[in-house]
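Presented sequentially are two complexes of subunit A, the first with subunit B as partner and the second with subunit C.
Then we have the complex of A and B:
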């Protein structure tokens, strides 16, 4: 829209904004933060918290920054003594009925009410009356708990459910000091996006049972990542606790939050992704094993890779690779799929390349896709055909089988899988998780989980998104890309080429040179 | 030869230091015996494990967790002690208390004494006065590291 720019001045900073912009947005453009609790950029302004008051020259009263549109030549001050005094007053009213149980509140540390009190409040409470007693543990959804004492009635949750999910499960009931957020006739909030209410709540009124009381927010290291649980590729924050030195098992991922990316997921993520992360940490394989005549031998990476290379190298030399089969999956990153294609399809010239992916679920028409794998698009763009595993084709005249990923176990029933795999002499499993496939194979190589890797994923719309490792690899595991490069080096194919590829970024650059899509 | 001579020289030096301390302390003790007041007093050796010195009232010794009247720990597992601890020796796991007025209680509370530096910050940080370092236990040496890990049961005793 080409419209005449509005020239305004905020705190002596001249800004030019489009017509219809609110003062709060204009201030944001000018790099100024105006405190707000009820305002959220995704919703229609409500103006219920009253903390975004600003002074406009020529107007007798303070105005709401979130709901007032700018006019040409406006002079706004966001930090004048009058404004600061008003904000203090607003905070005092908000705090009048707020329980101040910050020590046991999960929001403490990232609570906006805390932040604003630090900045504008710091008053001694003047209220002599006892605080209102309300219900503190109300289950409003399967995983959500509402604390009515902490609620400041900003109605962000109500607006989210009426404007974004359009399910309208929550509302504000009763009046005055008795106003409260509630579900209609105790029907719970039931949609796939309920977890976003926790992120939205500016105070700790809505908490989820997954994170509730588990840790404090300031212990967590926040890293940016991509959700791997469906092909949408939602942008997420992963909050990771680096753990305590002497107590094992304390380093772990505590929660997943939505990260804003208007191109992909807006500001939301689905509950499937948010609460699906414990499954990524469960049943991890962390040891390199060789099942030599029924006995498990723990190996080193160098040894096991040279052993594997010995099995593959003669076949490669004699150009007799028809009895090698590989099973890949599209949970592998772009870099890994590229190396996979380079080594097995181009260099070894394999015909038997299969893909074992998790079974598709059902999409919900908003963010969650039916395709429950993050990188199928990349495989297609690279020219890999996503052939599903056919056990007859897989085991027929096959001598060596390399399986990437644990998903094969879910796709076929164990007895037929065992039958067919028993026909193959050497079976190698490169997998991040234990799945039951371990009992059928000879070599087990632990791969890093997707949150332990650095790389990039291509979502269903073809957007290549980079992400970096959230936590260190589990046990002896290594990311597949490094396993593939080491294997290529051991096989002595194209040595000069593979020794250059040392980092995922280098591989991605190389991919760009060879495949136009990744340029 | 020269090296062994050096050894004897060190022996003699050491004996001289001991002798000096003996004479100096003896001198001050003798002066005290005759009622002569001096600025410095003669050193006194306490036969430590058999004989113990009284601890100062503001001393810091082994931590303990305090209980409510109903014998539940006072701790609400706000983890401020964990936050403030400079040697990262405290580990707390919280659980949901059925009582809505309490809400949060520690299901695990571990102090790793092999890391603790007895700074007392945990006591100062605690908003509930749930942890104190006034047990008077200072002889905490153990022969295994595992014995130095104090859990909820040991701390509540």
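Then we have the complex of A and C:
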């Protein structure tokens, strides 16, 4: 702390904070929560909901915690009878103009109005008059529905669109009790960050069609993860329903939300990332298959890995690996790329190493990057060259091909792919998703999806971000890092080395020892 | 009668309405004939900006818009050195129900206001002033525009006024009919072309006002007092009123009195004198029930509370306020429930809707009162009104929350018995 510390007391707790800190922030530092609805740390305080009023010794009126800067020596009460009464009053007003349709509201369970009512309200409603009727299903964006009865007019949505995206699609219209949020003359909210409005809205007034009426928030496990859909590496929450034990197929990811990381993504994520998760769950490969004489045979990991090892081992022993080719991708984690490099480049000494990644898109100048893969930076830092696949080079004099990932299918047209792959005798596919490549290969090894893995990714700025598995692996799939270690063991290369690398964290530590960047 | 002779001595000496009898005072020629623009000449040629500010401070001139903030002190809050332009906003929104004084000044004596604008701007270092005028005042706005054009033609506005090197432009902006745009920060938003939503304070307009620049906001009547202060001096002005509240007020009397209208009287004149001596008392057959002394947001006074001096501090002392000095007289034949209904309807209608207690509270209160006046009042409704108004009072973003809740509180508390007599007794 550079500037003079301000010594204040909040609810008898002494705190020292920097000059310019608001009472709300100071309370947070002291471990106290002051209820707030319109305040959001990313926007200029507006002071309109009035629920954050606190009592300051010596001042006749209650003051806003969200907008009042502390002064040295201030004594603040966040629980005095006057404060509680005012807070209750605000809650009572809000409830009087609220439909209380929590049983069918998607926000129920994580609604600030519910939370505060439980904590500070719990009163009988005194409102006996007729409630205002308002529109409840207004489509304000491709995926967003506004419910004006639930809206508490905190204007967070309006301020997000004016202060963050600067697209200003929403405003407050009419006045008094008739005030309402609206788009301008039916021009919808149209920007790549619209989904953040759902996270931002403290109540269930803005919901998205992806999540609407699909599940209840209290069934969801909220796991921290990293968005894999571009190289920004936005921090996310993945809300996963572990499923009802007696109803098969109920385990499912229901939504992705932004997780705060001021270094990376602030408090937002783009719609491309947010609404991209269904593609992660679709077309999953979940069986280990050997297409023996044209017939699919289901295999175990032990069998298939030993079969593969048999094909590779003689070549390794005779140092004749020039006819082995591998295709990697930068959806693989730091640990997986490292193992990939160790085994194929360093140990087997392969020359034909290619990368097949999703095609670049265009960046949007804010979070979304043109590079639509999460870990290209890591490959570069490890000294792997991101050689794109050239089908001629790939197939010429190639006996064994191992492809990681489904992306090759998108980069070449099917007939030339088939043509060139047909020239190769043994083809192995390690992929989390079905892509069409399955029909050209002999061995199919299902890989776990990125949200089923534990590991780390390196974003475009070189930040290494760890993440843990959100849900169990799909079917028989295994993460590539484990496939690679098992393969190395089968190949009996560097046995002592690989058998030590039991977990992603151990691998990352080892990487740190070998590559300065990951230290 | 408690009102002494002392309080009637200045009745004939007027500051603002002196020549209102003249049919063409609004023409600059007629105004000049009566000694007009001498105050501007004196201020710009003989006085320093600081000297003017001191004089206004000493004159004890308190804002006539409602809050009664000392004008000279308000000006002195504007930073002396600022790399941004400074602005003056003249509040001519005159939205407070019962208030119609500024309209008279603007219609009959617009040059007096223009003089006040020029002197205030010179003192604070302002080169652009905006007059925010109530939307409904179309003819009034035209009159003001004409006066401004005449003043500019005579060299009192525009570049280098009276060859002093001081420039000033004045613009007229018409509102669109929202009461809240009379609240100074909502007025600024509206002038900037946005919704009339009051701003969170601090920062105060003196430092961050119109277009984020230092800004003074004064009521029409406040500024119209400046020329007299400059010409006749602070002691003279102070002597017209009270020690901390100088000059006169234009009391606008409405209701069933013999002579409703405006009365310019010394600050501190008693309410009884205003109603009975100047406005001629109640119409024959009518009996006084209550008075709202300072525009609709002022808490009501009962008939036996009118022996009170009409100045900011005296009225605050009895829990009411002088506000815009609009005196609304209510007679015995008027049911308090009707008064309450008018009050509640107005504030529910005019709440800007920005903050929770005012947006929802005023509407809730209005709904209860509508129900009561439709004959469906229930036991406990009056107490409920008091409870709800208390939950608005002092808890809103702008002073409108107080403006909306104080009259309801005073009506519900002072006339509880009458209001409860129209409720169902529980059996019906």
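The working rule: the second predicted complex is superposed on the first by the 518 of 519 C-alpha atoms of A that agree within 3 Å, B and C clash if a C-alpha of one lies under 4 Å from a C-alpha of the other, contacts with A are read in each partner's own complex, and residues count from 1 in each chain.
Simple rule for what comes next: a residue touches a chain if its C-beta (ideal position, glycine included) is under 8 Å from a C-beta of that chain, and two chains touch if they have at least 3 such contacts.
From a predicted model like this one, the values you see are computed outputs, not experimental measurements.
A.B. asks: So if we stack both complexes on subunit A, do subunit B and subunit C clash, or do they fit?
C.D. replies: Once subunit A is superposed (C-alpha atoms), there is room for both subunit B and subunit C without a clash.
A.B. asks: Is A:51 in contact with subunit B, with subunit C, with both, or with neither (first, second, both, neither)?
C.D. replies: Second partner only.
A.B. asks: Name the contact category of A:67: first (subunit B only), second (subunit C only), both, or neither.
C.D. replies: In the superposition, A:67 touches subunit C alone.
A.B. asks: When the two structures are overlaid on chain A, which partner does A:104 contact: first (subunit B), second (subunit C), both, or neither?
C.D. replies: After superposition on chain A, A:104 lies in contact with subunit B alone.
A.B. asks: Looking at the overlay, does A:327 come into contact with subunit B only (first), subunit C only (second), both, or neither?
C.D. replies: A:327 contacts neither subunit B nor subunit C.
A.B. asks: If you stack the two complexes on chain A, which partner ends up touching A:175: first (subunit B), second (subunit C), both, or neither?
C.D. replies: second
A.B. asks: With subunit A's C-alpha centre as vertex, what's the angle to subunit B and subunit C, nearest 10 degrees?
C.D. replies: After fitting both complexes on chain A, the angle is 100 degrees.
A.B. asks: With both complexes superposed on chain A, which partner does A:86 reach: first (subunit B), second (subunit C), both or neither?
C.D. replies: The answer is second: A:86 touches subunit C but not subunit B.
A.B. asks: Hey, is it subunit B or subunit C that touches more of subunit A?
C.D. replies: Residues of subunit A touched, subunit B against subunit C: more for C.
A.B. asks: Considering only the touch criterion stated at the top, classify A:445 as touching first (subunit B), second (subunit C), both, or neither.
C.D. replies: neither
A.B. asks: With the two structures placed on a shared chain A, what shortest C-alpha distance in Å links subunit B and subunit C?
C.D. replies: 23
A.B. asks: Considering only the defined contacts, which subunit A positions touch subunit C in the complex?
C.D. replies: These residues of subunit A touch subunit C: 45-51, 53, 61-62, 64, 67, 85-86, 89-90, 92-94, 96-97, 126-127, 129-130, 132, 152-153, 171-172, 174-179.
A.B. asks: Write out the stretch or stretches of subunit A touching subunit B in their complex.
C.D. replies: 101, 103-104, 135-137, 212-216, 218-219, 244-247, 250
A.B. asks: If we count contacts the way the header does, which residues on subunit B are in touch with subunit A in the complex?
C.D. replies: 76-80, 82-83, 88-89, 91, 94-96, 100, 103-104, 110, 112, 114-115, 127-128, 149
A.B. asks: Give the list of subunit C residues in touch with subunit A in this complex.
C.D. replies: Going through subunit C, the ones touching subunit A are 178, 180, 195, 197, 200, 348-357, 359-364, 367-368, 371, 384, 391, 394-397.
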